[in-house]
Structure formats: C-alpha cells, structure tokens
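Per-chain numbering from 1; labels A, B, C and D assigned in written order.
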C-alpha cells in the first residue's frame, strides 16, 4: 500500500471534484492523506480546475491560502506520478473556503525543461505575490502574470536558490566580498 | 544716558542669557526628564563631572560639546548660503520676539526709573507676531535649500502650517486687545494689577485658541507634521548636522519659552502677584523711596514671572508627550475651519459685551 | 585610524590632550543613534529603549533617522545581500565622527544563517566598533556593549581631527547623493 | 474657454507639474527596516505606490532543508519573531500530524497557554508601534512595559525572552515553572491596568480617531480575495479564526469570543487587536484552571528523546540519544499542511518528507505576505500620512514576510 492511501470515504469536496472531472484526464491522482484533501491535476488544466473550485457554489473556495512550488530533483520517488510524467517541479495551491470551512490542496506537476503554468491572479489577486515568489525562488513561469519579476531577491541575482541544484551557500553579493 | 545704556545692556543680557543659556538647554533636559517621568523611566543620569551627576543635567552639556565638534555637512546640490543661513533665520526671530515682553514692572532705583522690558513698543503685540512669522522663512529655506525630497516636503508642510496659524493667532488676541485697549504689552501687563483683571478671567476662550495656535506655529506634537519622524525622516532639517541641526531645536525651545511668556503677559498677569499690587508690595518693604524695597520687589516679580512661565512650559511639555500627531490636512482644517471662525466669533462676542457693558472696560 | 598631519604636529601638547578628554567626555554621553533595524533584534532594541532597561540613562535615547545627525549606527538584525548596499550607503551618509554597533549574532558573523541570502557579518562591509553577540542579545548585554563603547570613545586620541567624510566605504560618491530616488 | 476646452483641461499638463518620486525605505523610520515603498506623490497624495519586500530574505527554506527535523525549530522562531512559541507549535503540530502522534493533554494545554502569551506580546508590540509612529510615544512605552511583563512569564518557562525554541516534536523542552499560575494572575492584573491607560490615551482621542477611522478600509469580499487572514480579515467583518473554524490543541474546550470589525479600516484593525488581547488573557486563565497533571512528552523514544536523567544513566537510552541527535528523527514519507492561528493570521506549514532525516520541502504560509501585497489597493489616492498607520495595522513582520 502506498503512503497516501487511507481507504476512508471521500469527503464532499473530493466527491464533487471526482463527479465534475469524471471521464477527463484532468485528475491524475486524488487522496486524503492525514485528512488533507489533495488532488493532482494536469498543469494545462489549472485555470479550469481552480476556476471551478472558486466558482462552484458547493465548493466556494474564496481564499487562496498559499501558492508554492516544490523541487523533486532527487526525491521524485515520493510521488510516483512524477516519474511517469517525467516531471521535476510541482506547483502546490492551498485553498480554503471561509463559507464552507473546508480546505483542499491542488498540485500540478511540471517538467524541468518547461516549468510554466497559467497564472491564477485573475481568480485571486493574492496569487500575485505568491506566484512572483515561486518564480523568484524556483523559476516557475506563470503565464499571464501581470508583473512576473523577482520579489524576495534582487534583480541581479542569477538562478533560483530553492532549486535543489543551487548550492546553499552560493552567494551573489551586490557589494562586499563573496563570503 | 550711560545709566540707560547700562540698563538696556543688562536687560538684553538678562533676556538672551535667560533664553539661550538657561531656558534652551534646561528645557532640553526638562523635556527628557519629564518624558522619563511620564513614561515610568529614569532618564538620562550618567554624565558626570568629578562624580557629580546632578540628575542628568550634564547631559545637555555633553550634547553641546559633541554637536560643536561634529562634522558640518552641506549636501551636494544644496544652496550653500541658504543652507547655512536657514538655522539662524529660524532661531533669531524666536529670540527677538522676547525683547518686547515685560518680565517685571517699573521700579525707582537710586533716582533712576527701571522698566523691565528691553523695548517698550506701543505695538508690542503686533511686533511679536510680525517677528515670529519671520521664523517661517528659516524653515522654508532649510527645506528648499537641502536638495532632498523629504526636506522639501517638510518645508512645504511647515510653510503652509505656520502661515495658516499666523492668521488665526493674530485674531485670537484681538478680543484681548479690545479689552485692554492697548497694543503695548507693557500697558496690558500694567492693567492686570488685580486678579480680576487678568486676561484669563474674561478671555479664557481666547487663551485656549491662542495656545493651540501657538503650539501649531511652533510645530510641536501634536502639530509636528513638518518634522514627523515616521513620515518625513526628520522633515525640513533632514540634511542638517551638528550645531546647525541643534539650532532648529533651540529655536523650538526658545519659542516654547516665548509662547509661555506671552501667555503669562497676556493672560496670567505678567509679573503681578495675585493679591498684592506692585505699589502695595513696594510699600510693604518700606516705601517707594527705598531702593532696597524696589530691588526686593523687582526680584520677587521676576521670580514670579519665571515661575508662571515654567508652569506654562510644563503644560506644553505635558501636551507634547501625551497626544498623537495630527495628519497634515487635519492640521490645516483645524486652523482654517475651527480656530479662525472661533476667534472671529470671539471678537464679535467681546465687542458686543464691551458695548453693552456686560464686560467691564478697563 | 592613522595619525593626521595635525596630530603629528601637535603631538601630546597639554592643551590638546585635555581637549581630547573634554570632547571624549561629551561624545561619550551623547550618542544619537541611527537604528538600522531589520529583524528580530529590533524587538530587543525596543525593550532596551523601553522603561525597564532605559537606554536614555546613558544619554543614548535619541534616535535620529537622518544619518546626518546620528553618531552611532546601530545595526540591529540580519543584513541580507539585498540590504547590504543600503547599509553601506547609510554608513557613508553619516557625518564624522561615527561609530558602528553590531547588535546580534547576525550582524557579528551571520549567526544562524549561512546561505545564499545573508551577509556573513557586517564587518565585511563597514568597520565595526562594538560586537554584541546573542540571538538576540539580552538588553543587559546591549547596555554592557554600550558602556564598552563609551569607554572606547572617551579614550580616543585626536578627537579634533576628524576630516570631512573621512572614510567612505565602497563607492565614495554614495556619501553626497541626496534627494531623488536614492535618498532614504 | 469653451466648454469642450474646459473638459479637456489637464491641470498637470497645462501647469507643467510632475509627480514627485520619493523613496521610502528600506531604512526609513516607518518601514521597520524591511520594506521599500516607491511613492509617486502629487502634493501629499499618493498617486502610485510600489511595494518592494524581500530585504530580510534570509533563506529560511533552504536553511531548513539542510537541517534535521528538530533543528528546524530555531529557524521557525525567527519567522514571526514576536510569536516564536506560536511558530514552534505550528511546526511541531505539522510534523506530529505527518507522523501521526498525539501529544499528552498537559502538553497541549501548555502549548495553548504559551501560544496565547506570545500572541499577547505580539499584539502589544503591534499596537505600541502603531502608537509610536503616530507620535504617541508615551502610549508606546506603556505597552512595551506590558509586553516586558508577559515576556517575563515566557522567559520563566523556557529561558529565552524572544526566540524561545521551546517546543519539540512530540512534546516540550520543559514544564511550567512553579508558581506560574500566580505570576500570570498578577501580571494580567497589571496588564489590564496598562490596557486601560492605553485605551484612555488613544481609543477615544479625536486626533487618533481622525487618523485611523475610514482610512484604508477594505470590504470583506476584497479582503478574502487578497488572502487576508487574522485580525485584518476579522476587522473587515469575516469571523474567520483557525482556532474556532478548525480547532486544534484544546481550543475547543475554552470559551473565547472572536471580535470582528465592520468597515475593515485601520481603526477596526486596531480595535480587533485591542479586544483580542483580552480574549487571549481569558484563554490563558481558563487553561490554567483546566490544565491536568501528567507528562509533557509523548512516551515514545522514537520521536521524543527521553529525559536527560535516563539517557545519562542507561546505556540503551544513551545510544538512542546519540542516534537521535546525530541522525535526527526519521519522519515518514508524506506531505501535510497544518494551519494555526498566528498573531497576523493563518500561519500554515506545508512539509514534504522523503523519510530521511531532513525535510524535502519546508514551506511556511506567511500571513502578512498577502496582506502586504494589498497595500497599494488600500493606499492609492490617500495621503502620505495615511501610509504610516495603515502599514502599522497591516503589520508586516519582516522575518515572516521575507523569510
């Protein structure tokens, strides 16, 4: 048995998602490990899925809690679908519905060579800075983002430091010595 | 002639000495200590000379020494002449305004009449306002000549604020001038010889209005928008260092004293003691003819005056450390929409009261 | 600092050594701080300035946020590489004489953070007079550091001879830039 | 001038005026050293604003990925450095959720007590800083003193004033000290007095009201869309509080209210925080009456190393201690997200483990990050003086926002 399989019944959110996307290839995997409803989707469908999550009255995810990315350069075995898709990154969205008081995690695997995905700024303005951060630290390109530039680091910085192949202490000082 | 010259020289020395070497530095210390008391702290107390600290009084001295020997900096792109002149332009008017403020009455000393005011002008009230409005130039020039955006903003704010309150401040006093029928501060003080004739008795609304305007004119909290630390770094004196920087502060402190002294002169009977007239006091010590009696009375009057000034300074400091800061547009709104109409209404009320006899004429 | 021509000429003449003492005394009890607060240590800095520890007792309570008016640059908190040019600029903008107080482990050595983003001690950028380690240092330590600095300042020789803009660090032009987009 | 010309009259163009660009920060007294505003000013009015964060980016995630699971705690301390314990608790709960262990009841109560004390300290600081920046220095000092007393309580428990590093996976580093309940009682009595003083100085002060009320208001829908949580969201009238919505630890056993505002302006944010101080005190007081005796650590050496007494007298425990220190605990494979209510809003941890001794991903959802991103929305068209209280009440904490 894989680590994410829990064997419990689906939560209403998961049931609704499975119902909506039945027969399509959108959902790669769904699970509720440790009670966290999780869906893994095709990156091309991210606008569709997140738009549905926001607008569907039964789901009504009105707060985008978090957008981040993960680099599975050496750890793709954690999620076998990464290996089958040949993906390296995963963009992770955490949503919360204040109205219905439920949460969901949406993940979209991305390939190393073209880490780009649609921006969701038009759905939630809070995605603006989160996506800029993911671009800054992981180099994920968000298509359609109005202002995709570095946010935590400076423009002169080369590379994306949270990628696993970026050495932890590789400094690029603007002034002063390297170490 | 010589006696008159000596007398004037002594009086000037007294006034400037009092302001520059006593009030201004001590106020720096008072402000620090009072804030410490209000905030449950100890406050500056470490600076010592030969082991004596005198509750931190020497800190003012060490500040001065340090500031004198601090690098004097003029930023690139600044107008050097204006940049240097601005602090002086801010400080001098505050000092000069003090010349027409009587800090005592008239005394006969060895056949020579001493009038305890440096310049007994017939238009003393107008002179004070005219001179203190010049202080705005120092501030505006400082802001403009520094070639710094924050200074510039601070200077603009200061200009608007000082000129606005100048207008209102002049009007707040008009009722009082009508009541005493004189523009001379000496006459105004002389007419306050009994407690019932003190300005505050009939003109307490004017006092409140005047005091508000005066603090605003002096740009102290809650009206310190031009130098608001959290907004404009240090406002118009952002680019000043060393002594030039501290001159702006001294101007502020001297202005505090001037405001307090003016309030005392106009509203709190000047040097007069509450229940005894000048003549009565001199008589009590042995009559008009005695120089000793006159000297004693003079000393008591000067001390009374200074004590009253200190109380009002204390009041200003308390306000300083209690209230938060106004927003700039609220300052202007308060000046134009509240204080100015209120002082006009007050003038009207005083006029009607004087005509109908509801307010006794002096 | 080296001997300036004036110092060499005047040597240990009595007047100047006495004057040194007087100026040293003045400077010792009159630090105007520039709090360069970036991080966690700033909270302890608040406490140091607060009623219980009361920095004002040492005559150092007056924060001046204009570097022209400050004597003591208190670097409080982690300096990232992004922040470093600003720190150097503020240091250069300060008028002589000036001192630097490294408040907390991050400013002393980089502290817990040894990675791509952080400067490994501000002494790689600007000269430092007092190092106060701790993450964050307790207020007592800060006061101790301040007293040490006071002693250092009081004992300095040649107090009169600070040249204008003596030691700009990095690009010398930083010092005089004012106004516009570059002012802080 | 014709009607048409009047309508086309552009003041800026006709009078050759231009906007004044000023650079506020990152070392500006109002920006707390970690944020930079580029302002385009038309007189005093902010026509445009660009917010730049990241000046305190110190590689939290990269640093944590190099640490062992227990070694992450000191770094979480320095996220929102005002609520170190709260960050510790959030992280510990996330790892415990991934492992699947439940901490003993006493531990849970202590975690709640310490979290709330940290929250009290954070709110004191926020409110005090807000007062300071508006020029009310005395009010600032009152709350710094109150905060100092609350920190004394925390210090008595864990030994540190600010960065507590108090919580461990599966437990705590130590129990509450003797006489803690009595100290809390006396400290809270003084704090309530100071609260009243602060309240008198500011809350009904006309100057203060004018500066705070109706400044930078945000609607409930906007606040949610911009990812507001915590006091800022509640000020907009949305009663969302993780402690109530998805209770964790023992928050479902204590009685507390969730203060909400109406207009979402600065004054509401101020009032919500003022009220939350009292509610947090109530939570602590209730916990202190309910708290049971018992262990503070899970009785499972795999996750929580046994006490020093055992490990220095017994060779098996000694070896075990050595191994857990050198290799760290091996958290099972998986990914979880756990949110706690931080002082600024929902503090979420998203961690991914590959079963080794180090995290693969150690993500923190910083509550003030999205809140700060809404600053241009709130402040455009307002006066430069409004920026100060707005920024204070949004409460950007550099360590958390920039990580």
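In this section, contacts are C-beta pairs under 8 Å (C-beta built on N, C-alpha and C of every residue); 3 or more make two chains touch, one makes a residue touch a chain.
Remember, predicted model here, so these are calculated numbers, not experimental data.
Peer 1: Could you let me know which interface, B-D or C-D, is made of more C-beta pairs in contact?
Peer 2: Answer by contact count: C-D.
Peer 1: Using C-alpha centres only, name the chain that sits farthest from chain A.
Peer 2: So the farthest one, by centre of C-alpha atoms, is B.
Peer 1: Provide the C-alpha centroid distance between chain A and chain B, rounded to the nearest whole angstrom.
Peer 2: 65
Peer 1: Round to the nearest whole Å and give the separation of the Cα centres of chain C and chain D.
Peer 2: 30
Peer 1: Could you work out how far the Cα centre of chain B sits from that of chain D, in whole Å?
Peer 2: A distance of 46 Å separates the two centres.
Peer 1: In angstrom, rounded to a whole number, how far apart do the mean CA points of chain A and chain D lie?
Peer 2: The answer is 24 Å.
Peer 1: Tell me, which residues of chain B touch at least two other chains?
Peer 2: Chain B, residues with two or more chain partners: 39-41, 149-150, 152, 229, 233.
Peer 1: Which positions in chain C are in touch with at least two other chains?
Peer 2: Only 51, 65, 82, 114-117, 180, 183-184 qualify.
Peer 1: Mind pulling the residue numbers of chain A that touch at least two other chains?
Peer 2: Answer for chain A, listing residues that touch two or more other chains: 153-154, 161, 166, 168.
Peer 1: Name the graph shape formed by the protein chains and their touching pairs; answer line, ring, star, complete or other.
Peer 2: If you draw each chain as a dot and join those that touch, the picture is no line, ring, star or complete graph.
Peer 1: What are all the touching pairs of chains?
Peer 2: The list of touching pairs comes to A-C, A-D, B-C, B-D, C-D.
Peer 1: Which residues, counting only chain C, touch chain D once they are in their complex?
Peer 2: Interface residues on the chain C side: 36-40, 42-44, 46-47, 50-52, 63, 65, 76-78, 80, 82-83, 86-87, 90, 106, 112-118, 135-136, 138, 180-184.
Peer 1: Given the complex with chain C, which residues does chain B contribute to the contact?
Peer 2: Of all residues in chain B, those touching chain C are 32, 36, 39-47, 56, 58-59, 61-67, 69-73, 75-78, 146-150, 152, 229, 233-234, 237-242, 245.
Peer 1: If we count contacts the way the header does, which residues on chain A are in touch with chain D in the complex?
Peer 2: Checking each residue of chain A against chain D gives 3-4, 33-34, 36, 38, 62-66, 68, 70, 72, 75, 77-78, 92, 94, 96, 98, 101, 103, 105, 124-126, 128-130, 133, 137, 150-154, 161-162, 166, 168.
Peer 1: Residues of chain B touching chain D in their complex?
Peer 2: Touching chain D from chain B are residues 35, 38-41, 149-150, 152-153, 157, 221-222, 224-225, 228-231, 233, 321-330.
Peer 1: Per the contact definition, I'd like the list of chain A residues that touch chain C in the complex.
Peer 2: For chain A paired with chain C, touching residues are 153-154, 161, 166-177, 179.
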